[in-house]
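Across the two complexes that follow, chain A remains constant while its partner is chain B and subsequently chain C.
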Partner chain A sequence: MTADEATATAVPGEATATAAAPGQTKQHGHGAGANQSWWRSDASDYARRNLGLIGVLVALVVIGIITQPQLYSDATWVKNNTFTILQQASAIGVVTVGMTFVIIGGGIDLSVGAIMALAGVWATTLATQSYGAGGMIFTGLVVGLGVGLVNGVLISYGRLVPFIATLAMMVAARGLAAEISNKQTQVSTSQFINDLASAKLLGIPVLVVILVAVGALGWVLLNRTTFGRRTVAVGGNVEAARLAGINVKAHTLMLYALSGLCCGIGALMLTSQATSAQAAMANMYELDAIAAAIIGGTLLSGGRGTIVGALLGVLVFSTITNLFSINGLSTESQNMIKGAIIVAAVLIQQFRFNALTQFLSRNKAIRA
Partner chain B sequence: MTKSFGRAAGSDLSRRRLLLGAGALGAGALLTACTSNDASPQEAQTKGADSGNPNAAAGKKVTIGFSAPAADHGWIAAITNNAKAQAAAYSDVELKIVEAGADAAAQRAALQTLVGQKPDVIVVLPHDGKELNAFGLEAMKANIPVVNLDRAFPDALAYRLQIKGDNYGMGVSAGHYIGEQLKAKGVTNPVIGEIPGIDSLELTQERSAGFKASLATYGFSVARRLPAEFTADTGQRAAAQMLQALPKLDALWNHDDDQGIGVLAAIKQANRSEFFMVGGAGSKAAIEAIQADNSVLKATVTYSPSMASSAISLARLIGQSKGMSDLVELEVPKEITLASETITKENASNYLKLGF
Partner chain C sequence: MTDSTTVSRGAQMADTDDRPVVLRLTDVVKTFPGVRALDGVQLEVRAGEVHCLLGQNGAGKSTLIKVLAGVHRPDSGTVEWLGEEVSFANPQAAMKTGIATIYQELDLVEDLSVAENAFLGHEPRRFGFVRRAQMARVTREILGRLGHAEIPPRRLVRSLPAAGKQIVSMARALSHEAKLIIMDEPSAVLAHDEVENLFRIIRELTAQGIAVIYISHRMEEIREIGDRVTVLKDGRTTAANLPARTTPTRELVSRMTGRTIEYVFPDRPPADASAEELLRVEGLTRHGEFADVSLTVAAGEIVGIAGLVGSGRSELLETIFGARRAEAGTVRVAGRTLRAGSVGAAVRAGIGLAPEERKSQALLLGEPIYRNVTLATFSRLARVGFTNAEREVAEANRIADTLELRPRDVHRAVRQLSGGNQQKVVVGRWLLGETRLLLLDEPTRGVDVGARAELYQVIRDLAAQGVGVLLVSSEVPEVLGLADRVLVMREGRVIHEAPGSELDEETVLDLVMAGALMEGAAA
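This part shows the complex of A and B:
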């Protein structure tokens, strides 16, 4: 079913779930879906895609085991390596959750890397650091949220195209970050912030716990709240959403603020890992986040997507990086593989079973 | 905004607003206080007027035009700082700084306006030596001597003086230090890691080539090479992966001390200490860490931004048609390549004032 159909049927009542929970294969009771074959429903489509990504992850691990049997035979190493993969995915994962909301809501946020740099730099100025870890965390979050709000205002009320508004913010926020940091690398002297990257909670790295928590909150927000359903509605068909009584402008504003807040969290995580921040940090994170969301099944035109898929996308990229580095392969080939995966994911996204069946039946007709 | 929330919003809106308002006020108050970075002014690397040196005495007034790319990195920031400070140390030098803009084209445009102001000498650190070669030729043709700083113009006609660091030499110094240390420890088949900066840059390739060549003289080679991007967060990423890939490491060369902040963080996070690490460039933080000797960082090989100070001093001499007093020649030489020096715990105190 298309996104438009979904919103048109779901919005007026606001009771029917449009965004099906990932992993769920059972039919949802929305109007159109009930009459459709199982492979055309969104729910099973998401499930299939997520299973596909899990398959890719398993394949990557198998390749790792085959290429580095000695390393993988050590259980402690495997555990540490898994944590490394997850820790490296944590900051970008949090940002990807925000990005997924923005894209499902029909927008795009090109400024996430720049917001992270600004939040990271602002949180690590000498003046901020004098307030201690609490002041740094507060500043990071508020700067992220604030920049996100500015993006939102520009897009909803200034009527700027999201691509342009956030592109401008990408340049401006990096500029401001460079100005504030005086182009220096700002080292964090807060023991709390620096220890966060190696701290563990019940044996699990704190950064990974944060990622899981943000992911879980994002999942609930998208799938179990009015906010989530409105996001899908606005992204699927703005006009239908407006007619259904949704304040599209206010909602869009909140989506960009949410993305900004995620960037603030991500910036603090990255600052903790690098024990420092600088204007050039989180370079190109916007592309990584968009790519992860897309291979996770988020439709770039909005109206569809899942948090679980996006996070699996982040994990796939992080695992590829890990696989390449434990095998000592070049970053160039790694980038080529990443590119190929993005293309493949989008091709699969466009590829629908019904298209295949149509194609097959047409061919049959021709042959007959 | 309130209407659209319809059923969902209801009566808790006013409370939400109050919270938002209070939050925003608090945030504003704290944030405005948080942008200040003034506590430690950047100390520049300069050479003051030396009474024993006749060249230091005030002479003919020289106007020096200066252009370097906008700093996105501590090293470049130090270049401009040093140039300013060194010029200020001379009473007979007037420094005209032009912003180099975002790329080679912007820098060319900026330099053209500078030529129009007829400075006596121009000191330029180009975005890209090849792309700004033509500018060098043009300025030299207009009888303005050009001091080409660090990123080399390929054409010898394009500069009066070329003063640059030695990227290949950096690799050589790092390789020799690591080789000597491992030989002294009696390690026969060492596992050596390398974390370069942006891999597509020529300077990175030169550094790696020098490293490889000097390690080869000891019969050693690089086991794993994982590039970062000159930033602390990418340094952390590369190092975390490298430490996973190599459960046992003997030595590590990280090309850049700025990204080294992240590399050291990753090493600490992974709780590893069985190896020693050599840095690159010679930042103040790195020199201090070497002196304190409380981490795996045992040495760093210099690529010092003090070359900008030297470039200003030499530009002044060129403008005054003087030579370098220790040399026999009456004018400044045409090419100077700085040696990459190795900073260790033993000599760290001498270098502390040169750290940036």
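This part shows the complex of A and C:
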């Protein structure tokens, strides 16, 4: 090559390049930019993911219709079955809301099932029941909150790793529940509690109403309040949160307390459904809650997640359970399918439509 | 104008002209959703030269080198490397062919040792086992070459300061048999003497025929080490192969920005002796970091701290802010003693800290820009616990305008911003709200010439409104040009104090290195 070419200076390309791609420089205005920015944004990312979960739900219903066409031809059955699914999702759903907060905040709570058992058992001791439904509800909530607070103190001020602290609590709280209940099933004699599971409000089961209320509160708390913002900050980058003046310890404490409170509510809902409580209740709820949060798009490493996604995750699981029971299949095969679904959901999330997004935007650029 | 530059270039380029071209990029385009980061880039690099890339924040420099390093794949255009057209599937592929890269954002594994990081992905092995002893030995050798024999190869990277980490990423690049080494703002975290060290190494490398692509926003560095310069603007090459030493700064800047910017500091107002004292630090000590530091900052005053990296400056700021707990000494703000080791107390007292390391200490990368800007103020903007997104966006927009954030869309994730623009978010956070005392740790790290002038003006304006500023910077001219009063730190102690106008760069460097004037000047 000639020296001239090699050292060819300066800008010959500038004019031509500008002419070739007008309006496609980086400083695109708010026209194209704003349009694209919605479906590139986190909100749209979550929306896509939630749409995916809704797709899974629809598919499950279709499988139900195919396998049990005569049941699905009965409108009343369909309505009742839907309520059954929602009711089964209610207690675990409430717990999952708390779990989602903890995970977004960079932690994990393995003790939720055990807290529920302890709260349920404590709320149904003869002594507590002597105070009536009010006493039971109060005890359930306070025990849940109290155990959550202990978790929180151990983790934020005792500097225990969340996994270890709540693992220890999981073992300890179940042990205490067994101790209190003497390993017996404690029957609830409160009419109010026992009726709650079958009661309806405006035609909707009360437990479902509670789930929706907790979900809605959780959504507002996460997306519209400073508490939610702090949760995301603490989970996303602890050091940045701390240097921005956020009291990380106090906030972490509150997250576990919140999870504990949700467990208290969930325990009362389960007690109402079974009209009894025992130390073995809510078995493995921690795994279900974590799994639901994760397939709902909550990042296990913290800093990201949605309530809606987590609740959709819960619904997917309870719909699967329902599908198996109306087809009379075993719980073993059900667990297998659950496992497969978790893996599939996470794989789909990792794919995250990235390739598609890039492809579309490139085409757009070429067209313009 | 074209004529005259051609002539001067001809004279200057004579020594590199005959060297073979090793890398040639033609019309490279790379788009991200909604952004054309590269929009037709031309680049030509010869063996044994230092080729500088210049461009404003967000011009596409880092994206370009990521294309070269196999991190991104170009949408179109060709990359010719050693005479062959290549398309790297991943960074390993690029490394194998001899392209080593030091990224702008450090990419070290914090919980691995220095040696493990240096050899990450290409550990020396025998029978499938890593030869740890050999790895440590070679790492020690490389660190020695880098002038940092004191860094133990087996130490965890997490425990190193920012500059130490930069050395480790350099060691990583040198651990390859590279024919091209790309350095994306390597000097941003380095102090003056470290930069000299870096240049010495670069000269050694180029003498062996290794080509270097060097990115920096500091014009003096480009003059000193560069052979040729390619300028990017909005993802396009606006000037190629200009001689690095002789092209006038004015021309370079106008190629970068499309306008001319004077690289000046805002005027210093006369010292106001009546200004009330805002910060008083007395006898502050942390073992091994700094000892017996006393200083004051008055309202409306900018106090600069000069010193080498490792002289305890960042640690001092973090301790004043309560992020580290002092072992002795007190921090008083407007007469009130701050609770030691409590960031919350410091923030409530109106102190803000823009930390040194944006990625690990300051940013929520996945969150929108506006939420990062308001991270320290969203509670104050909220109504009874409910966040006020509208006001947050409005405030963030204001900051984005003052600091020329690009792209200007504050709903974007911070991750998508270029390094310099991320830095503006970090500093911008504390320009909001009721900050009375601003602690700035390397505030212009990675910020381009134009935005830097804006930032200086913003800091000066804040001071004019009565905010006290305590500024740490590795760039001595910045400290001298901006600060009313300058403290010089060496090995954890304040050894000299003088008005900024009475010091010059040479004196400060003498003090910083040798402590020559130490006697009699100690605070």
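In this section, the second predicted complex is superposed on the first by the 311 of 368 C-alpha atoms of A that agree within 3 Å, B and C clash if a C-alpha of one lies under 4 Å from a C-alpha of the other, contacts with A are read in each partner's own complex, and residues count from 1 in each chain.
Basically, contacts are C-beta pairs under 8 Å (C-beta built on N, C-alpha and C of every residue); 3 or more make two chains touch, one makes a residue touch a chain.
This one's a predicted model, so the numbers in the text were calculated from it and none came from an experiment.
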First (chain B), second (chain C), both or neither touched by A:Ala282: first
Touching partner for A:Ala133 - first (chain B), second (chain C), both, neither: neither
Chain B versus chain C as contact partner of A:Asn237, first or second or both or neither: second
First, second, both or neither for A:Gly245, with chain B first and chain C second: both
Partner chain(s) touched by A:Asn182 [first = chain B, second = chain C, both, neither]: first
First, second, both or neither for A:Arg229, with chain B first and chain C second: second
Partner chain in contact with A:Arg304 - chain B first, chain C second, else both or neither: second
First, second, both or neither for A:Val206, with chain B first and chain C second: neither
Shared contact residues on chain A - chain B and chain C: 226, 245-247
Contacting residues of chain A [partner chain C, same complex]: 1, 3, 6-11, 13-14, 17, 20-21, 24-28, 30, 32-34, 36-37, 40-42, 224-229, 232-233, 236-237, 239-247, 303-304, 357-358, 361-362, 365
Residue ranges of chain B in contact with chain A within the complex: 1, 3-6, 8, 27, 30-31, 33-40, 42, 70-74, 76-77, 199, 223-227, 229-238, 240-242, 244-245, 247, 258, 261-262, 264-266, 268-271, 285
In the complex with chain A, residue positions of chain C that touch it: 2, 5-6, 9-10, 13, 17, 21, 31-37, 39-40, 42, 44, 58, 75, 234-242, 255, 321, 323, 343-344, 346-348, 353, 355, 360-368, 371, 375-376, 378-379, 382, 385-387, 406-409, 411-413, 429
Of all residues in chain A, those that touch chain B in their complex: 71, 74, 77, 80-81, 84, 87-88, 122, 125-128, 131, 135, 138-139, 142-143, 146, 178, 180-187, 194, 197-198, 226, 245-247, 250-251, 270, 273-283, 321-322, 325-328, 331-332
